[in-house]
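Going by the order they are written in, the chains are A, B, C and D; count residues from 1 in each one.
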Amino acid sequence: MAPIGVDEWVARSGDRRDSGWRGGLSRIDARVGWWPRLLVVGLLAFVYGEFVVGGNVNYAQTGFNVVLYALLALGLNIVVGWAGLLDLGYIAFFGAGAYGYALFSSHAFGNLPLASGGVQLPAVASIPIAVAGVAILGLLIGLVALRLSGDYLAIVTLFVGQAFAEAVNNVAPGTLGGANGLFGLQGFKVGSAEIGSTLGYYWFAVIALLILMALLHLLDTSRTGRAWRAVRDDSLAASAMTIPVNKVKVMAFTFGAIVAALAGTIFAAQQSSVFATNFNAQTLILIYACLVLGGAGSIAGAVLGGVVVTVAQQLLSSPIDSAYLFYGILVIVLIARVRPWRHLGAVVAAIVGLGFAAHAIVGAISHSAVAGSPGSAGWFAGALRHFAIVPRGEPLTYGNILYVAAIIMVIAVVQLKGIRRLIAVVPTVYVGICCWEARLTLDPGITAQIMIGAILIVTMAARPEGLLGSRRVEVI
Amino acid sequence: MTRLLELEGVSLSFGGLRALHALDLHVDEHEIVSVIGPNGAGKSTVFNVITGIYEPDGDIRFDGQSIVGRRPHQITRLGIARTFQSLRLFLNMTVKENVKAATYGGTHATPIESMLRLPRARREEREVEATAQDVLSFFGQRLLGYRFNQPAYVLSYANRRRLEIARAMATGARLLLLDEPAAGMNPNETHEITELIGRLRDERGYTILVIEHDMHVVEGISDRVVALDHGEKLTEGGFHEVANHPGVIEAYLGRNPEALQK
Amino acid sequence: MHIFIQTLVTGIVTGCLYALIALGYSMVYGVLKLLNFAHGDLYMVGAFIGYFAIQWFGGAAALIIPVPLLVIFMMLVAGLGVGALGVAIERFAYRPLRNAPRIAPLITALGVSFILEDSVLLLFGGFTRNYNAPAFLPFTESIHIDGVPIDSVQIIVVCVSLAMMVGLRELVNRTLFGKSMRAVASDREAAEMLGINVDRTIAMTFFIGSAMAGVAGVMSGLAFGQISNIIGFLAGLKAFTAAVVGGIGSIPGAMIGGLFIGLCESFSSSYVSSQYSDLIVFGILIATMLVRPQGVFGQPPLQKV
Amino acid sequence: MRVRRILSGAVGVMALASVTVFGVTTSSAHVAKVAAAQCKASIAIEAPFATGPATQLGLEQLHFAQLAVAMANKANGTSITLGKDDTGLNPSLATTRTNSIIASSAVAAVGPAGSQEVEAVGPLYAKAGMAFVSGSATLPALATSGANKTFFRVVPDDDIQGPNDANYIIKHKLAPAGSTILIVDDQEAYSEGLVAVMTPILKAAGFTVNHQSYNGTDTGATLQSDLSALATSQVNSSTHLVIVPWQSAGNAQQFGQTLQQQGKTVTLFGTDGTDSPGQFVIPGTYVSNFGPDISTSKSAVDKAIVKGIKKYGPYGAFGVPTWEATTVVMNAISSVCKAGKTPSRSNVLAAVRKTNISATQSAMGVPIKFKADGDLVAKAGYLFHISSKGTYVEISDK
C-alpha cells in the first residue's frame, strides 16, 4: 500500500486517460520534441505552396490567408492564452502595423511639404519602423490597461479597437485616406528585388510563421512564459512569488502587439492597399475564433485554428466546395454521435428512404415542386436530384421556411434523449439537406457567416478548451 | 540572536473596521513563532501587511530595513515568502512549473535572451531546474517523480499544501510565513507537517512564522507563541503559558478551559 | 437656445433607447457575468418584428386598425417574441457553458450574433426597410417648446422607456423574482443551495432583458424609420458603453448611462462635429473606466486573500 | 469496444481528409468550358447585392445584369454565364472577390459599383489584362489616373454630373442669390469627390457654401443623432437648399424626415447615389442621375428592358447603366466569336475598346463609345424632380 499522502487515484490519472487509439497518439505526442513538429508544419506548408497551389491565384491567396490568420492567432495567444488578458483591442495593433507600413510605402505623405511624391522606404526599413511604432503603442495601452482586470479590461480594449477604426476613418483623411484607405502600396522590396506574387508573400509569411513558432515556444518554456501563465492563473499569488505582475502584463501586451504588427505589414504589402474596414470587429472575431477553436494557450492550437477557420471560410465561399464541407461535417457528426453501428446504419437508411419517398410523393402531386436543380454541383448532384425536394426557379420562400424549420428541429434534437433523438435525427437531417440545396447554396457569402457562427457555438459547447487546448480549471 | 522581522505599532483598518491595532511582533533568526487566535483575530491580516498586500501604519523591518510600502514581489525578493490559507497554486501549470515560476525574481534573462537561448538564459534554466528538483525532493515520497509534469489541479489537498511550501522555498526566501499549513489534513498528515516544519528550520535553516489553529501542531513546533484577538496582541511566550493565559482561553472559548488542556 | 433644446430632445430620445438596451446587457451580466454580444442583434430582431407587424396590418400608408392599437400590438409582439428568442438562446447556447472558462461563452455570444445577423440577412435580404412612421404618426401632432417641435413618436419613446425602467426597478426591488435575481447575481452556488431555482431565474432575466431590447427595436423603428440587419452591432456597442459607464450590473447605472451616452452623442455632434461623435463617446468611456473602473454606480469587486 | 472506437476514429479522419482534398482540388466559382463550336464563356458581376449599406442598389444592378445577359444570349445566340460576387460596397471585400474572379475562367467583369472599390481592384484587373465595365463608378480620377488600364464606364463622371447639378441650381435659382447652401458628404470617395467639384462653382455664383460631413456607415440611433444634429445646428433661416451627394438613399430619406420633423422647410438636392424611387421620396426634392428614366421612353430597347425587369418591382436609375455595361461585355464576346476566335481576356478586352453602340440601341440615350482612358465620349446627365406623390419626374430642360 502506498504511504499516506501519496494518492494513487491522482497518481494514475495520467495513465487512465491514455487508453484506446487517442491514448496511443497522445503517448507518441508526448515523446516527440518540439522541433520535429515544427518540421512537420514546415513540410506541410512547403507541399502546399510547391505542389497544390500550382499557379492558381485563388489557392495562393487561401494559403496566404491561412498563414496570416495563424500569425495573428499566435500573437493573440500571447496576450489571451498565456497572460490571460482578454484583449479585444488586438485588431488595433494589426491595423496600426498595416497602416504604419502603408504610410512608408505609398504616396500617403505625398501631400506633405517635407516629402512630396510620398515616402517609399524599402521593406527592410519600413517593417521595423512600423513594428517598433506599434510595440510602443502596445506598451502604452498595456500601461493603461494595468489598472483594469478581467471584463473591464476586455471592455476598454474593445473600445480602443473601435476607436482605432473610427480614427483612421476620420482623422487626417489627407494622409490616412479616410474611407478610401491607402492603395497602390509598393511590395516588399530590397534593392531591386521585389516580392510580386501572392505566392511570394505566402512563402514570406510561412518563414515568418515558422520562426515565430520556434521563438515563442522557447519563450513559453522560459521564465517569462512561466511568469505569464502564473499571472494568468493567480496574479496575487504570482506577485507573492517574486513576479512583478504589472511589468509582466505590459510585456505580454507589447509582444502581442509586435506579432500583430508584423502580420499587419505583410497583409498590407500583399493586398497592396489598406482600408479602415480591414480592421473591424468582424476580423477581430475571426482571429479570436482561430485562437479559441485551436485552443488558447497552445502554439500548435493557434496555428491549427488559423487553418481550420480560414479554409472553412474559403470552402464556404464557393457552392461546390461548401457542399463537400457541409456533407462532410454531416457524415462526421453522424458517425461520431450515433452509436452503435447498427443505429447509425438504421438512421442513414431511414434518411435515404425518407428522402426518395418524400421526393417521389411530392413529385407525383406536382412536378414543378421537384423540378428545381440542387444548388450543389459535383458528382452527387445527380443523386440529390431524386432525393432533395427543390422547386423550380429560385425558391426563396420555400428555402426560408425550411431554414427556420431546420433550426427549430436541430434545437429539438439536442433536447431529446435516447431513441426519440434517434428518430428525430432522420427528418432533421433531411430537412437540413433540402434547405441546403434549395436555399443556403444560393447565397454562399451569407451561408459562410452562418456556418462560422454555428461552428463557434458547437465547438464551445463540445470542447470549450478548443481542439488542441488543455482543460483549464478557473477559480472565479 | 538577531532580529529578522520586526513589526512596530502596526495598525490597519478597512473603512471603519479595525483589523490590526498597534501590533508589536518580532521573529528572530532560526526561530519558529506561531500566531494563534480565534477567527477574525487578524492573523492572516498580519501576513498580508508583512507581504505588502496591504499597506499599514507603523513600521515593519526585515533584516533591519523597513519594508512598508514596497510591492509584494519586492518584499518576497528581500526574503519573505508565504503560503496562502486559501490555496493559491497556479492550478493549470505543472507541479514543477509552479516551483520554477517562483524563481522569477532570482533570474534575469531577458525575453530576447530566452528566445535565442543565449548563454545566460541557458545557465539560469539549468539553475532553476536544479532548484526545482532540490526543493521538491525535500518532500521525499510526497511530491516526487511521476507527478512533476502533471498540472497542479490533479494534486490532493495535502499535496497542494506541500506544493505551496515548496513554491515559497523556491523564491530563495529566508523567512517563511505559513498560513495554516495543517488546515484540512488528517491526523497522520498533520503529524507529518509538524515534522516537516521542524526540518525546514533544522535542515534548511529557515526562520518560520506560522498561523495555526491545531494546538497539537502549535505545541509541537513553536519556540514562541503569539496570541492575537481583535487585531491586538493578548500575550506571547511559551506555548503553555500562552495556552493557560486567561485572556486567550476566554478569547477562544468563553469559559471552557478543558479544550486547550488535552 | 433653440439649438440647445433641440439637441437635448434628440439626446433624451436616443438615450432612452440606449438605456433600454443597456438594461438587458446589465441584467445578463449581473446574473451570468457574461458579456452578451448578441444582445444588440436581439434589438435588431425586435425592429424587424415591428416592421412586419405594420405590413401585416396593411402597411404604413393604409392601416386597417387604429394606430394606438397597432403601436401597442407591435411592442407586445416584439417584446414577447424577442424575449422568447433570448430565453431560447440562453437555454441552448449559454447554459451548457455555465462552468466553462470565461472566454468560451464570450465566443459563443459572438457566434450567436453572427447567426442572428446573417439569418435575418438570409431570410429578409440586406436592404434597408423603412417603418415610414410619419404616414400614421404625423409630425404635425406635436407640442412645441420654444419653437422646438416634439412629436408623438418622441413622446411615446420617452414615456414607454421610463415606464419600463420604473417597472423593472420595482420588479427587482419588490418581487420575489427580483430577490432571487439579486441572490443569483451575488453568488450563484449559494443561491442554488438556498433552494432558489437558478435556471429559471436566469431564463427569466434573459426574457426580461431581451424583451426590453425588442421593444427598444420597435421604438427605434418608429423614431428613425430605417432598419436593416446590421443596426444591431452599433446600437449594442453604444448601449454596452452606457451599461459600462453606469456600472455594468447596476440597473439605475444602465438607465443613467444610457441617457448620458445619448446626450453626449447629440451634443458632441451638434456642437463639435458629427464626424467625431463616436470617438468622443469612446473617449468618455475609456476615461470613465480609468478613473472609476467599476463605473459610476457599480460596486468594486472585493478580493479575498 | 476499442476496435469500434478505432474504426470510428479512422472513418472520421478519412471523411475529413476526403472533404479537404475534394475542397481544395475542385476549383471555386464561375466554372465554364470554352468550346469552339458554340460561343460559350463566363463573365462576372461585382455588386453590393447581399451585404453593406447599398444592397438595394446592388440588387437592382444584379437584376438588370441578369436581364442583359438573358437578352444578349437570345439576340446573339451565345451561351454566356454570369457569376455573381457580392462586394458590400467595401473595397477590401471587393479585393478578395476580384482575386477569386481573376483566378476563375471569367473573361471579363461588370462592376464594381463604388468608386473606392474600383480604386482598389483596378490595378488587379489591369495586371490580369481583364476588361471590367462599371455602371456607377463616377470618380473622374478612375479613368484619368492611368492606374486602371482595363477600366471602362458607361456613365459620365462627376466632372460632368457635378457641374451639371451646380449649374442647374444656379440657372433655375433653386436657392435665392447669396443665400447659404449646405452640402454634406458621407465620408466616402464618391461623396467627397462630388463636393469638391460642386463647391467652387456654387461659390463663384455668389452662394455661401457650408460644407459638413457625417459618418455614412452609422446606423439607428447614432445615425439619427448625426442627422438631427446637422438639421438642428447647420440648417438655419438663411439655408434654402441642402445638397446630399450620398450613397445611401435610405439615409437621405431619414434626413429629409428629420428636417420635416424639426419643421425645417428646405429643398433637398440628391445625386445618383440617392436615386431610389423605393427609398428616397421626399416631395419637392431634386435628384440628378447619369441614367435616363426609361419607363416613359419610346425606343424598342427601353420597352424591352421595362418589360423584362417588371417582375423585380420598383427600380431606380442604377439598373439601366449596369444593363448597358453588361450588354457592352456581352456584345464584345459575341463579336469575338463571330470573328471565329474563342473568347479570351485579351481579345475580349480589345473588343470592348472597339465598342460602338448607337444612341438608339443604347438604353443610356447616348451612343456608347469609349475614349482611350475608358471614359464615355458622350456627355450626358439627367435630372429628376420628386412630385408631391413621391414619384420621380424627369426634367427635360437642363
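Definition applied: a contact is a pair of C-beta atoms (placed from the backbone, for glycine too) under 8 Å apart; a residue touches a chain by one contact, two chains touch by 3 or more.
Everything numeric in this text was worked out from a predicted model, so none of it was measured.
Enquirer: Quick one: point me to the chain whose Cα centre is farthest from that of subunit B.
Expert: Farthest from subunit B by mean C-alpha position: D.
Enquirer: For which chain is the distance between its Cα centroid and the global protein Cα centroid smallest?
Expert: Central chain is A.
Enquirer: Could you work out how far the Cα centre of subunit B sits from that of subunit D, in whole Å?
Expert: 73
Enquirer: Could you work out how far the Cα centre of subunit A sits from that of subunit B, in whole Å?
Expert: From the centre of subunit A to the centre of subunit B is 45 Å.
Enquirer: Mind checking the centre-to-centre distance between subunit B and subunit C? Centres are C-alpha means, answer in whole Å.
Expert: 50
Enquirer: Go ahead and note the Å separation of the Cα centroids belonging to subunit A and subunit D.
Expert: The separation of the two C-alpha centroids amounts to 33 Å.
Enquirer: So which stretches of subunit D touch two or more other chains?
Expert: Expected reply: 50-51, 187, 215.
Enquirer: Any chance you could list the residues of subunit C touching two or more other chains?
Expert: 121, 233, 275, 278, 305
Enquirer: Can you tell me which residues of subunit B touch two or more of the remaining chains?
Expert: Only 53, 84 qualify.
Enquirer: Which stretch or stretches of subunit D touch subunit A in the complex?
Expert: For this pair, the touching residues of subunit D are 2, 4-6, 8-9, 11-12, 15-16, 18-20, 22-24, 26-29, 31, 50-51, 86, 90-93, 95-96, 99-100, 102-104, 116, 119-120, 123, 147, 187-189, 192, 215-216.
Enquirer: Sort out for me which residues of subunit D touch subunit C in the complex.
Expert: Subunit D residues touching subunit C: 49-53, 55-56, 59, 187, 212-215, 218-226, 228-230, 232-233, 248, 250-251, 253-254, 257, 260-263, 279.
Enquirer: Considering only the defined contacts, which subunit B positions touch subunit A in the complex?
Expert: 51, 53, 71-73, 76-77, 81-82, 84, 88-93, 97, 100-107, 109, 111, 114-117, 121, 124-125, 128, 141-142, 146-147, 150-151, 153-156, 158-159, 167-168, 171, 186, 188-189, 192
Enquirer: Using the touch rule from the top, collect the residues of subunit A that touch subunit B in their complex.
Expert: My answer: residues 3-7, 10-11, 13-14, 215-216, 218-219, 222-227, 229-230, 232-234, 236-245, 251, 255, 297, 470, 472-473, 475.
Enquirer: Tell me, which parts of subunit A touch subunit C in their complex?
Expert: Where subunit A meets subunit C, its residues are 80, 86, 144, 147-148, 150-152, 154-156, 159-160, 162-163, 166-167, 170, 236, 281, 285, 288-289, 292, 296, 400, 403-404, 407, 411, 414, 439-440, 443, 446-447, 449-450, 452-457, 460-461, 464-465, 472, 474, 476.
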